[in-house]
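Letters are used for the chains, namely A, B, C and D, taken in the order the chains are written, and counting of residues starts over at 1 for each.
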Amino acid sequence: MASPGIGKGRLEAFSDGVLAVIITIMVLELHAPHEAELSALLEAAPAFLAYVLSFIFVGIYWNNHHHLLHSVQHVNGTVLWANNLLLFCLSLVPFTTDWMGENHFAMWPVIVYGVDLLLAGVAFFLLAHSLIRLNGKDSALAQALGSDLKGWVSPILYLVGILSAFIHPYLAYGIYTLVALMWFVPDQRIERLLRRER
Amino acid sequence: MASPGIGKGRLEAFSDGVLAVIITIMVLELHAPHEAELSALLEAAPAFLAYVLSFIFVGIYWNNHHHLLHSVQHVNGTVLWANNLLLFCLSLVPFTTDWMGENHFAMWPVIVYGVDLLLAGVAFFLLAHSLIRLNGKDSALAQALGSDLKGWVSPILYLVGILSAFIHPYLAYGIYTLVALMWFVPDQRIERLLRRER
Amino acid sequence: MASPGIGKGRLEAFSDGVLAVIITIMVLELHAPHEAELSALLEAAPAFLAYVLSFIFVGIYWNNHHHLLHSVQHVNGTVLWANNLLLFCLSLVPFTTDWMGENHFAMWPVIVYGVDLLLAGVAFFLLAHSLIRLNGKDSALAQALGSDLKGWVSPILYLVGILSAFIHPYLAYGIYTLVALMWFVPDQRIERLLRRER
Amino acid sequence: MASPGIGKGRLEAFSDGVLAVIITIMVLELHAPHEAELSALLEAAPAFLAYVLSFIFVGIYWNNHHHLLHSVQHVNGTVLWANNLLLFCLSLVPFTTDWMGENHFAMWPVIVYGVDLLLAGVAFFLLAHSLIRLNGKDSALAQALGSDLKGWVSPILYLVGILSAFIHPYLAYGIYTLVALMWFVPDQRIERLLRRER
């Protein structure tokens, strides 16, 4: 079928659907303990910590995805497949979260968890740049992304986190958490701070 | 990325998606008995009762969330993360429901179930007040919430329910059910009743 | 919170979300056999047959729900909770389907399956009539429902099916299938046929 | 109920929801290994490969479904049930993927996987033609589908893949992958290429 124009609205709706399912089915991996004691619940603490981190990451990606498409006018086939690549990477988060939580943050699960986040970051980068190529370097999106500091720092921190896991997995978990916290701080204040430092 | 305006519509769509998945995947924890006898089904009765209560609570939150955002014009980053906090608390409901149902309403599961509902109530409060701060104290939302009696009584009842679980877990279950029933009664009649009492 | 107007659009979106999850998670109960032989697959045939029937029923309910809300202007709290009751009954379909399929259409699972469908039919009736009460007896909806033959025949057939299960469960399965097939036949032809018979 | 006009928007929303759930719950079948070693992860490689292929196929169907309905004005009951048939075939993908992955691409699972894809292709064909019948042979849709080469080649390749599984299952997997890759290449270039070859 010849490629007609693609609706941005339906791309957002499908992505929202996939992200909503990803963020929610992760809880199915949090198996309720068979005993009714509080101590049994505490044994599920590592799985819970992994769940919290992943919930925040998927929430951040939804937020960023929302911002990315908000100022965009046009969408094409390349954008669609870059978006699917991002959704694919994020669809693996329930798997990597489960492996990391079940194994109490052992080295390899923590590394694979970070690699998946890194790949998602790369996919997001590809999505952003396929959108800029389509909408023009003077578009509102391109100007907004011009000061995209977090977008550049995140993958570098993921990489540092992955490598640090070889020293101690908790170090990696700490760095991943740092990336998550970084996204909580409102952007504009950071940017003002950075301008002053320059 | 600099924070552009956030679409209220997409916040609603994402929340609807997450709540729809939460309310539905709970049924996956209702494991079908291996025997085909009615007695085998009755053994699943506690899990079923827990499911019914949770279905109603998530339904109430969806209803309240709907009302809360209906009269709102603007949304910002704080609102978005308060909303994510609410969704996180509610995403744990399938887990706490499963634990409570599987252990036939034992003390600790019933307490943890109530604590999760209490936290969801606090998150809803934060969401409501971040919306008021953004939309102004004279907004339609602020005036509607001005008489938000149920919103104040619910967390107090949850707390009473949690504490009463130390006496007997069924007492707590009863109080949680009371909160659910309270939300069924149409608001306006309650308000008229209260005005007369004053 | 005082009850402001409720958006019909968001009620549809939430219902679509819940029905989409219900219709899809049922497949998770179709456990893939451990052996790679075709004979192993055939052992899953009863579970598959139960899945097919339930997929059609949820599809029919989505279709009818779609039609019901299409011609409607106003929605209120009663409609919302009648809708939640319908979604609750349908949310149990994955459970009853699993029980019926796993036990190869034994008597009690087939009866409970039918009772759930009957309750969903009653909830749909309540939803339709709460909509008519709100939108008026002269509304397009009320006139469309005036000739709602299938809506009346279905619950009666479910009841006959449930009772026939005491004779033989396959009889009940056949009658449930009949109800499903009845909904496939386009309405207008049936109505013309009935007019001629009169 | 007499059949009023059916909203295309809600058909798209429901389909998006179902496809979003299908594409995401497949990851639940990717069970995280109990050991924290990289070798344990590699044992999950066949299941992962099956997941990747299925993710791409469901993504392609979402993309095609999007294109198909984009240029359409009217929708009726036949379209709705052709759409449900397509969703049903695709809802079985998590099951066939799991069976194929768990059995390391053994013959019968690979055949059944292909048969499901073939049936989905047939359902898509029925959906497309029920849309053309409704919207007219001169509609934008009919003209777009007039050069629908991939739509014709895909089912033939699926059939070749299914038959080749009797020689070696990996051959079938390769042909299925070929179909997936074919859909990645932008349509217009292929068409220009084909025009030159003529």
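Keep in mind that, in the parts below, contacts are C-beta pairs under 8 Å (C-beta built on N, C-alpha and C of every residue); 3 or more make two chains touch, one makes a residue touch a chain.
Remember, predicted model here, so these are calculated numbers, not experimental data.
Enquirer: When chain A touches chain B, do the two copies use mostly the same residue numbers, with over half shared, or different ones?
Expert: At the contact between chain A and chain B, which are copies of one sequence, the residues are largely different (under half shared).
Enquirer: Fitting on CA atoms only, what is the rotation between the copies chain C and chain D? Please report it in degrees, nearest 5.
Expert: Fitting chain C to chain D on C-alpha positions yields an angle of 90 degrees.
Enquirer: Based on CA centres, what chain would you say lies at the far end from chain B?
Expert: D
Enquirer: Roughly how far is chain B from chain C, centre to centre by C-alpha average, rounded to an integer in Å?
Expert: A distance of 27 Å separates the two centres.
Enquirer: For chain A and chain C, let me know how many angstrom lie between their CA-based centres, rounded off.
Expert: Distance between chain centres: 38 Å.
Enquirer: For chain B, give me the residues that contact two or more of the other chains.
Expert: In chain B, residues 13, 17, 20-21, 25, 28 touch at least two other chains, as defined above.
Enquirer: Which part of chain C faces chain D closely enough to touch in the complex?
Expert: 12-13, 16-17, 19-21, 23-28, 30, 32-38, 41, 52, 55, 59, 62-64, 66-68, 70-71, 140, 144-145, 147-148, 150-151, 184, 186-188, 191
Enquirer: Which chain B residues qualify as touching chain A in the complex?
Expert: Result: residues 1-7, 10, 13-14, 17-18, 20-22, 25, 28-29, 77, 80-81, 84, 87-88, 91-92, 94-96, 98-99, 102-103, 106-109, 112 of chain B touch chain A.
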